[in-house]
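A short worksheet on the structure shown next.
Chain nomenclature is as follows: A, B, C, D, E and F, assigned in order of appearance, with residue numbering initiated at 1 for each chain independently.
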Amino acid sequence: MVLARMTWPDVDAADRDAAVLIPVGSLEQHGPHLPLFTDSILVTGVAEAVERRLPDRVLLTPTLWMGASSHHLEFPGTLDNPFDAMIGQLTGAVESLARHGFHRFYVLNGHGGNADPIGIAMRTLKARHPNLSLGYSGYYQFCAEQVADLLEGPYKIIRHACEAETSLMLHLKPEWVRFERAVDDGLAPNPPLRGGLFFFHEQTVDGVLGHATLATAEKGRRIFEAAVEGVTAELAAFAHGVALEG
Amino acid sequence: MVLARMTWPDVDAADRDAAVLIPVGSLEQHGPHLPLFTDSILVTGVAEAVERRLPDRVLLTPTLWMGASSHHLEFPGTLDNPFDAMIGQLTGAVESLARHGFHRFYVLNGHGGNADPIGIAMRTLKARHPNLSLGYSGYYQFCAEQVADLLEGPYKIIRHACEAETSLMLHLKPEWVRFERAVDDGLAPNPPLRGGLFFFHEQTVDGVLGHATLATAEKGRRIFEAAVEGVTAELAAFAHGVALEG
Amino acid sequence: MVLARMTWPDVDAADRDAAVLIPVGSLEQHGPHLPLFTDSILVTGVAEAVERRLPDRVLLTPTLWMGASSHHLEFPGTLDNPFDAMIGQLTGAVESLARHGFHRFYVLNGHGGNADPIGIAMRTLKARHPNLSLGYSGYYQFCAEQVADLLEGPYKIIRHACEAETSLMLHLKPEWVRFERAVDDGLAPNPPLRGGLFFFHEQTVDGVLGHATLATAEKGRRIFEAAVEGVTAELAAFAHGVALEG
Amino acid sequence: MVLARMTWPDVDAADRDAAVLIPVGSLEQHGPHLPLFTDSILVTGVAEAVERRLPDRVLLTPTLWMGASSHHLEFPGTLDNPFDAMIGQLTGAVESLARHGFHRFYVLNGHGGNADPIGIAMRTLKARHPNLSLGYSGYYQFCAEQVADLLEGPYKIIRHACEAETSLMLHLKPEWVRFERAVDDGLAPNPPLRGGLFFFHEQTVDGVLGHATLATAEKGRRIFEAAVEGVTAELAAFAHGVALEG
Amino acid sequence: MVLARMTWPDVDAADRDAAVLIPVGSLEQHGPHLPLFTDSILVTGVAEAVERRLPDRVLLTPTLWMGASSHHLEFPGTLDNPFDAMIGQLTGAVESLARHGFHRFYVLNGHGGNADPIGIAMRTLKARHPNLSLGYSGYYQFCAEQVADLLEGPYKIIRHACEAETSLMLHLKPEWVRFERAVDDGLAPNPPLRGGLFFFHEQTVDGVLGHATLATAEKGRRIFEAAVEGVTAELAAFAHGVALEG
Amino acid sequence: MVLARMTWPDVDAADRDAAVLIPVGSLEQHGPHLPLFTDSILVTGVAEAVERRLPDRVLLTPTLWMGASSHHLEFPGTLDNPFDAMIGQLTGAVESLARHGFHRFYVLNGHGGNADPIGIAMRTLKARHPNLSLGYSGYYQFCAEQVADLLEGPYKIIRHACEAETSLMLHLKPEWVRFERAVDDGLAPNPPLRGGLFFFHEQTVDGVLGHATLATAEKGRRIFEAAVEGVTAELAAFAHGVALEG
């Protein structure tokens, strides 16, 4: 079920046990070759594919596309959603639907920088409404194994505007990729700090963290499919109530 | 210029005198026949058409689709963006771009219920950054004359899920309209109060305020074109700096 | 009923169906000839006259005189009530009385710049307390026709420190008017922008928006009476419950 | 100087070394015999008398009459200004005038319950604007000796709606006092707790804390004059800059 | 009962009528001779002694050591807990335990600068949870008489890093005192202002307000014992419910 | 350097390049056998040991012991620091010292539930003060390998009140452990959800997540030493400025 195109009587008739799926993205620099909307495009692509596989069990909202991106603000074009505003939107979205009896909400994240405010929003909601079933995760946590297998560069994880994200964009939205501008960047060995907080202009020249030049659409297709499969399984379990009641 | 598909070097190369155009919509009940996303679809449609006419002078952001809709919350499916969150998003979006030198921002509103928080956000920004040029208006304020001419029902203005909005949707997104379900609703003569605050379930049976059944795609086309023309003229003047400097 | 001079047992004995009337003003520049308290004087004058006509149906609070005036801050003497503080005061006033059973609240506004925060306060209250009857409006919206008839200058509406407001002050509080200093100001034809946000120092030299020199006490008397009559009718209807129950 | 009746050019011409005097009151229950506005009437009376004695050195604002009164809310008619709103108003008032060069601000309090939020507002302002000279006190702290001398009842301090406050009202606004309803209340010996927090309905039957029946206009006159004299001396010193610079 | 070392079943078995004792301190400059933690050490010392005397009636939490210290920030090392954060902590601590049935809470303050935010926190809690019994006071208010008797210097009260506080530290934690560095400071006669707000760098050279050089461990012992005795009596009364029910 | 026992001249003389180390703990249920203060004891123990190894390069603050523990609130004794309050304290602590030139701040976390608010606090600080060097991590992330090697139970990570935490307490504070009450709990195989949000009473019977009965002091000693060694290396690198400047 796709909330945006439903009418209110459609929603009124919907199964209250369905899992409300809320994608969260960003509009932030993704190097010289990927569009600002990359994270939003990717998480929306995954979420829509999941909804198509579970049309009766999933109620998909539009993507909250404005993410927490202060660490990218030195690069023009980045929009930063203040933490409080992002938390307010998420709690507002959940509470709006909860008043009509929906009780399963899953936030699918497409941008690592959103993790803290999503965590606070969801824990706040859980404390306030103990009977809600809540879940949240990045789509990228469902394809880590495939990413590790597929990537050719030395980093075997999804970083930023990197081999993996560029591949995903080449698969999902190639007409928005300027692959000829792709660079390998942010390659310096990690500083000997586990917990240092660096903004992107401190770590990279062009905003890329990884080997974007190694990207291919085929890698993107396989990562995407793995992510969709993983999130579909997660949502299927969640929508069946395995989580809290199983 | 369409921000979502640009890269950061594209934005870095963009004319700082361009008018940043920020559409704001809603996801809220629009009667039994129109989708929840109606306001967002309409304001996005107008904004995109304006950008296409002024591609060098306008920098279009994605639509902030989650609006202030507490007055519709009794109808399932409505998502209400809390006032503070909406104000935070708007100020965040403007301040993110202002730090890179953009100085003209125009919020195009597609939902009357957003007027208060938009006003507070823009006045807060102006007080904090006196050198910014700021503007905001509903797209519907640029086609009032044509609406008055075209509508056949007794109400000669855009109300809600009404003859005008249904016509616009029949023009812009007919495949999302279930015209067979359209009703005339909220027709009671206004109560003898100028300033009463009513939520929609207090005024209507089905969430419609007007004569949806009188809508036609042709009326929608003509209202839409008038709105696009009016907003284009506004943005052209704004982007030329007529406003503050002329 | 005048809340300020009542004792708590008086309030305890009062009719809970009475309309609580809350005037909201400002303390802000009104040109070289009108006192900073102009808006508060005018709205208080109207509100007190209305209470005298409906002594049993209206419970009048003191005027919340500190308004949202950031757009006048460049002129010395203006006090700006931050939006959040103003919203907090209004919701606090209503909720204080609502806990004792009053359920009809009407905010009478005397300053256009207050409209956004009043709107947010009232909608927040309505969402939180659905059983309250709430209304709000500017007193100036009840005398628009008479203003259009009476004014001799080219602008046929109440603007700021203008022909209309000066006339009202000449009627209500002539000893605080320095009519010899009155000027015509802010006369530039509107810029070709419908939605531009301008602060007063950007639009005027002396803080006047209109033809103050054309003001007379007689015009003021007639505008005032029209406003009182209109607001009285509104409050009478509101206090009879016509609004929500009729 | 009385801010409310000045024009902005008057303020522009005013001595920036003047002490801005901000009275803060309340609208809260004061027993069966005193009006809800008692604190506001008293503090305004003192402040106006002080301004009349120091017309060139003091710039008097209108009284912020809505105080922090949650401890009286059980008695109908009481309006409680939420702490945050009250802090916001005070900081807003000071910062509005500080931007035009005024730098000495004194809050004169008429209601003990306001002490905490006033303290937080002033300390916040001082931390934010170290060059401001700030002061605050209750008017009642300037007449403690006279109160102790004059009162006949066992309590030798100003409590609430008591011998002292009733006397002050009999002096300043006798037509608003219903002396025949005055009672002695809240007379129970203090519980053996120094730091217990009690709301007024827990301590009194009728909202009076003391011996209201012993009040006389003459006592009121003498307390009032002592307060005016004390506050005048304080403001004279403050406006001469004795405080920070002397 | 000492909360920190209890397990949750211990708390579950505890008497719900016990008084929860919450010490609040500071980490702020205390002159050249006393450690930054002085207030926290002193209030903790008193609170622990009280708990040892009333082990069954008092449930002692760890000390909230970060106080409201903006007035000391000019001296390096001072940590200032923002007012809102401090209020949030206090309300959070009380509400966490109140949900399990504890209903008597007493905040023991060790730093005068905390009085405003503690007051707001406690009044907010009382308004929100009318059935809670709440109390708060500085430990120093229970030994005022002994302090007046014992001190040799001209000031007969506890001021800051002074004869009294230094004596207390010499008694409680002599190994953290550098008595050889003690100075007499802040000795200027009070300016002729009752309500002036001064930060410590405006009043003192070294951060001391009083005659630190007159301190002795013996004075400290006697002040400490008086404080413990006074607070013990207060808590004993509070925990017996004398306050609200007696 | 230990901030609590320093005087302000000591801090004034301190090396501004030192790393300020801020431990953050919790007071929350840790099963039937560990005290509520467990997390605070452990993180304080590690932090103090690190300071002893780097006394000139590290400036240690007291432990912010009140953590974000809403997920444990169903167990009595848990105190939950609201997210906003915790964020406010952390930013307040850093900004207090930053105004005197300290520019390297490292938050050492002892409770997983604090990760979100710490992240938000640090990112907010970095955005506001770009020149600060900031770092944060859990102490437990520096001994993951040793934990994996040492634990005998099936879970090879630090969970909650588990084999690892109990061992650490047996090493650091055995007199506060009631080992005879230790249980194995929360052993159900993970539900088939990667992103489910569960509070502790939904996952455990007694608040333990793991095999507490397998704990030994010797395991605790080795885990502790590994953590101290890892954090010492981190802080040494951080304090040498390797992070941002190396």
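As a working rule, a residue touches a chain if its C-beta (ideal position, glycine included) is under 8 Å from a C-beta of that chain, and two chains touch if they have at least 3 such contacts.
All values reported here derive from a predicted model rather than from experimental measurement.
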- Item | Residue-number overlap at the subunit E/subunit F interface, same or different (half cut) | same
- Note on the structure: subunit B onto subunit F, same sequence, C-alpha superposition: rotation to the nearest 5 degrees is 120
- Query: Looking at C-D and B-C, which pair shares more C-beta contacts?
  - Reply: C-D
- A-B, E-F or B-C - pair sharing over half of the D-E contact pairs: B-C
- The distance between the C-alpha centres of subunit B and subunit E, rounded to whole Å, is 55
- Chain-centre distance (mean CA atoms) for subunit A and subunit E, in whole Å, is 48
- Message: Roughly how far is subunit A from subunit F, centre to centre by C-alpha average, rounded to an integer in Å?
- Response: 29
- In subunit D, which residues are in touch with two or more of the other chains? 73
- Take each protein chain as a node, join two nodes whenever their chains touch, and name the resulting shape: line, ring, star, complete or other. ring
- Task: Note which residues of subunit E are touching subunit D in the complex, please.
- Result: 68, 70-71, 73, 83, 106, 115-117, 119-120, 122-124, 126-127, 130, 133-137, 141-142, 191-199, 202, 230, 233-234, 237-238, 242-244, 246
- Interface residues, subunit F side, partner subunit E - complex: 3-12, 14, 27, 29-37, 40, 61-62, 64-66, 69, 73, 75-82, 84-89, 91-93, 95-97, 99-100, 176, 178, 181, 207
